[in-house]
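Structures follow.
Two complexes come next, and they have one chain in common, chain A, joined by chain B in the first and chain C in the second.
Right, the complex of A and B next:
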């Protein structure tokens, strides 16, 4: 019986940054669809990571997310990005209801020396697939968003990072006494991404 | 004859049977000699190791000498001649004795053979058993070697683990000492913080009671203010209703006065026209009078008197109408003034209501601020290390941080305690495992010792058997004859070998015992080390729980979104979606407004074009109209001024008084017309009469001249009693005329 050999693909810093930024784009779309930020009919199906995912067809949102992912890719290549947070707020009161926190650990040696790492693309895809499935299943435990909501994206960067044109400094938009759920993580050997969703305690749960 | 022994030695199932038989037949010597021979045979057998024959050794005269005669036969006693002297009988006797001896020897041989066979069997069995024991011994040796190897490996592993655990133990001891020190510190700080929180709670309770009292007082004040406000509102409503009613009344009055004024104006115009006619008639009459001066004076005087009366009546009527017109005008002015006053009061009322509401809010705010000020002042007094208001939040933040740190450290300590417990449990488990292993090893050792004992017993039994066999063999050798030295030697050599093997086995057994004892000691040491390692393991597990707790805390902080502002900043992408939407909306709104303004501009330009075309004409027309109206107004003014002056002069000449009319306002705001009359016959300028006309009534105003007794008396009679000012003025005129003419 022939032994199985695990094929490993070479990953560069640029490739890893592209993988992570692309993941964030699809994750943001999935969150917007599952949380009902935009109407269902404004999303279209695509195949990615071995799953059927939904991408927004609204030109404004598309351009916003594409600009966002390009900037994130730049920061990831420079090793300046620490965290990306997708914040869901009430449109009427601007109260923060949910925070989708993507924490990024960058291998400093890779950024400084440009070392190449090896990991199977399939393995990375499997890990990302698991996270996407968890995002899709989040409606089972997250509270319902009954009111109209808007979203915003925060980037935690190094202190010495220059602020680009379309970005401004902001507060962290925290939630008081949040509930937290830790999701799976994925690792490209250069960037490790951990996902945590924190949400405002539902009043029903408090009464119970 | 002698019977020799046969040895059966079995080695590995082979049997080597050495049999040597030599039979020597000897005639038994005398008993003494027999005993000597036995002794000799016994000694020779003892030395050679052979067995003596139990048959009585009678001296036998040898018929034929054999060279190989082992036994020492005293031949010297017999000699060769004795041999020849043996008779047939002796020979037969010898034969019979020989046969008997042979039979007995054969029997004995058979017995010996049987015994030998039995002994051989026994030896075989013994050797089998020996081999078994050897196998077992080899097995035991192998097991011992394996156990040694296992023990060595265990020792090495244990040594390694011991070294690691020692290192960890030292580290943990250091950490524990540091943690204990920190825990002491934190406990002290916690106690202090708890005391401080208790004091703060007490102050908070006091503040709450003060708050409650102040809130009660403020509520009472609020209720009183509300009551006052309601009163003020009611009053204002009442006043406003009054004012509205007065306003309506005045409005109605003003409307009626306006209507009357219009009527009077029309009447005035008619009267003026009539006056003009009359004046023209008068002029004609005067002219006629002057032209016809000689005509009968009586008729003219009557006519003049009638005319004068008519004129006076008309004048009187005109004056009345003028007075009424003035009254109406004044009333109209009053109504306008009242309207203005009403509007002012309404605006004042609205302002007052607004200010009242603002005042209420301001009062509430002021109360709140006062409460806060008092609370903060009391806090400033109660809380130590605080100098100003701005220090309080910092102090609270510091206290909160300390409390949080203490709570975190308490959590850490509890986590460490849990770690200790878990590690203790794990060490107990490992200890139990080690104890079971020790028990198993002990059992093994005991079993091996039992095996050794058993082997020893077997050895002892084998040696006993050997001794017994030796004895048996020696006795059999004595009976059978002199033994074979080589065979005995071989047997002895084999026995010696066996003895040596036995000794070696015993020595190995002793070594094994020593090894086992050493292993027991090592096991004890390992037990002690196990207990130490279990403690270390528990401490390690504590540390792992603490680290897990730290990880959980960090993850919670991460999930919450906390970050260090010293090396991290939060950036937000400007939400171009909303901005674009807003921009789009503003653009659309601006575009719509632009369209509207362009449409308006177009309309204005069209109108302007139209106006531009028609505007100058209209302007000219309007200007002409304005010029015409202004001219007419000036003409009217001039005509009126002439008429008035003529009227005044006529009145003066007719009635003998110069009348000066002056409109004034009283302090209460009511307009009053003052008339100052000076007789043409007055002797001084001080002789003036003053009248006030107010709302249709004429009243005399007392002055120095009218306060004179004559004048006052006349006023009393004519005005007060008869209510006739013309009579008074006429009487006064006559008196002044008389005075003038007479003087």
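Right, the complex of A and C next:
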């Protein structure tokens, strides 16, 4: 690359919120593809974060995720979002099999005072790229999902948030005695996102 | 905890004069006293010779003492240890739970259309099938005779439920909900000990206390035939039809296969039970006959042989409940009485015991649900319940508790949607267990008690 001053990009709160919610959209798609929740044929390739990622082509899932990410973006701007969890459950028994936990730490000062931070866009991209690669490689140690599964998305917000139409109060959908693996995190200087995946201990099924 | 008192041993900052007990300096005074001539205060050099002698009067003793002995307060902002930090964080997290709200995105994610990759479960467990806990109907059957060896209830494939109450056989039409009387027996035949519809419902067989078996035509309410003298005057408590073969089992342990078409009906006799027969069932294929007795034995007979194919003595109580599985060949379920309380599954061709499930209560009747892969069992004390089990997991799908006394008689409607149970509390209750009628059964729901010989059977 020709030498030029790499201008450090200025991140606004809105920009950061957009980055995080977009990340979540891609991460969710990646998880759905890699864990086999939806058939592989229903995914199409796109280039993002310097990687080839797969996005679902199914209209229903697409609209589901986009509705979700727009709400997340709103909450992030208000600084009310604490965590987002993607829960994978067995379709037959509704038992929680996997829990993808994205912890979000918001810089409170930014929300209150509207301070602008600086961080290179490239660097953020690189961090996100690392996480996406890790998600893809997770299938090596996560237990096989043999049965048809469905997924749900939970958002941990502040108590004083108004509940929008498309969301309902829920329980935490935790797993008993989970195995947890911590993945990389990324930081936009305004929002810091940690990723942890917890899954049910792989047991030998003995019936049916 | 790291807060430890620190003494002001900050070395060089010590500006406090060392307190020694000193002799008061009298030299000046002496000087004054002794040499009054020298009135002038001209200090002589030897006053300040080689040591510093503080002026005692000028020093503030109290302050000095305090600064020496009282520990200096530790600066609280300095160096919180990592364990405290972690504790503080944990505390914050726990407390903040009260501050967090967990929301779930409501627009349900599309259920994946996964028919290609993963095989769909054989029978999706329909948890949302509502099985009403209350019986749909309750009929009174006063004075119904209750005995472990009797079988007084049978639901024919014409959707008519036949129940023997004391000396009368009533026919309850499940479609029209009307009751009619078939026959009242009198005299030596009383009471009626068993009732059974033949598969075509052209005849109904009634077993009697004096070992006679009578066949009636339900259309005309007339007796067609009597089979008598075979069971040595003991009651015939169990009847089972296999096409034209009527198998009768009695309290003497004899099982007789009668061909009802011919003049001398007896085809074969099985004599392997030592005590009364309480359960008798032919397999759907017509090849095997299962018989259970109060001698705790379960025999499986092959129609072509006169010796039992299998002899199972695993039950520790009399075996009355027997049911052949409609969807799996040669699978027999048997239920044990009071001290046994278990349901056992057998492979009739190999003789292997596949499974044994403890139910906690005597099993008085067993039925396979025709529409679902389920097993129904009826029980006695203490709950007097009917249990619906999912097969093969044997998970309890429903428990129907309404009878006040042990349930003795159990029957299923031909379309598999309803159950009939009669117990010592003198009621006959009809339960709905399924919504969709099975199309395997030859159910003519519009049938009334009329000329039954009009429709042809599947067999």
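Everything below uses one rule, namely that the second predicted complex is superposed on the first by the 196 of 208 C-alpha atoms of A that agree within 3 Å, B and C clash if a C-alpha of one lies under 4 Å from a C-alpha of the other, contacts with A are read in each partner's own complex, and residues count from 1 in each chain.
The rule we apply is simple: a contact is a pair of C-beta atoms (placed from the backbone, for glycine too) under 8 Å apart; a residue touches a chain by one contact, two chains touch by 3 or more.
Everything numeric in this text was worked out from a predicted model, so none of it was measured.
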{"item": "Clash-or-fit label for the pair chain B, chain C on chain A", "value": "clash"}
{"item": "Contacts of A:149 with chain B and chain C, given as first, second, both or neither", "value": "second"}
{"item": "Chain B versus chain C as contact partner of A:36, first or second or both or neither", "value": "second"}
{"item": "Which superposed partner A:129 touches (first chain B, second chain C, both, neither)", "value": "neither"}
{"item": "Partner chain(s) touched by A:92 [first = chain B, second = chain C, both, neither]", "value": "second"}
{"item": "Touching partner for A:166 - first (chain B), second (chain C), both, neither", "value": "both"}
{"item": "Chain B versus chain C as contact partner of A:185, first or second or both or neither", "value": "neither"}
{"item": "Contacts of A:198 with chain B and chain C, given as first, second, both or neither", "value": "first"}
{"item": "Chain B and chain C contact sites that coincide on chain A, given as residue numbers", "value": "60-61, 63-64, 67-68, 71, 82, 150, 152-159, 161, 163, 166-172"}
{"item": "Partner chain C, residues of chain A touching it in the complex", "value": "36-39, 58, 60-61, 63-64, 67-68, 71, 82, 91-93, 146-159, 161, 163, 166-172, 207-208"}
{"item": "Chain A - residues contacting chain B, complex", "value": "60-61, 63-64, 67-68, 71, 82-83, 85, 99, 101, 103, 150, 152-159, 161, 163, 166-175, 178, 180, 182, 194, 196-198"}
{"item": "Chain B residues within the chain A interface of the complex", "value": "555-556, 558-563, 566-578, 580-581"}
{"item": "Contact footprint of chain A on chain C as seen in their complex", "value": "98-114, 116-118, 120-121, 124-125, 392-393"}
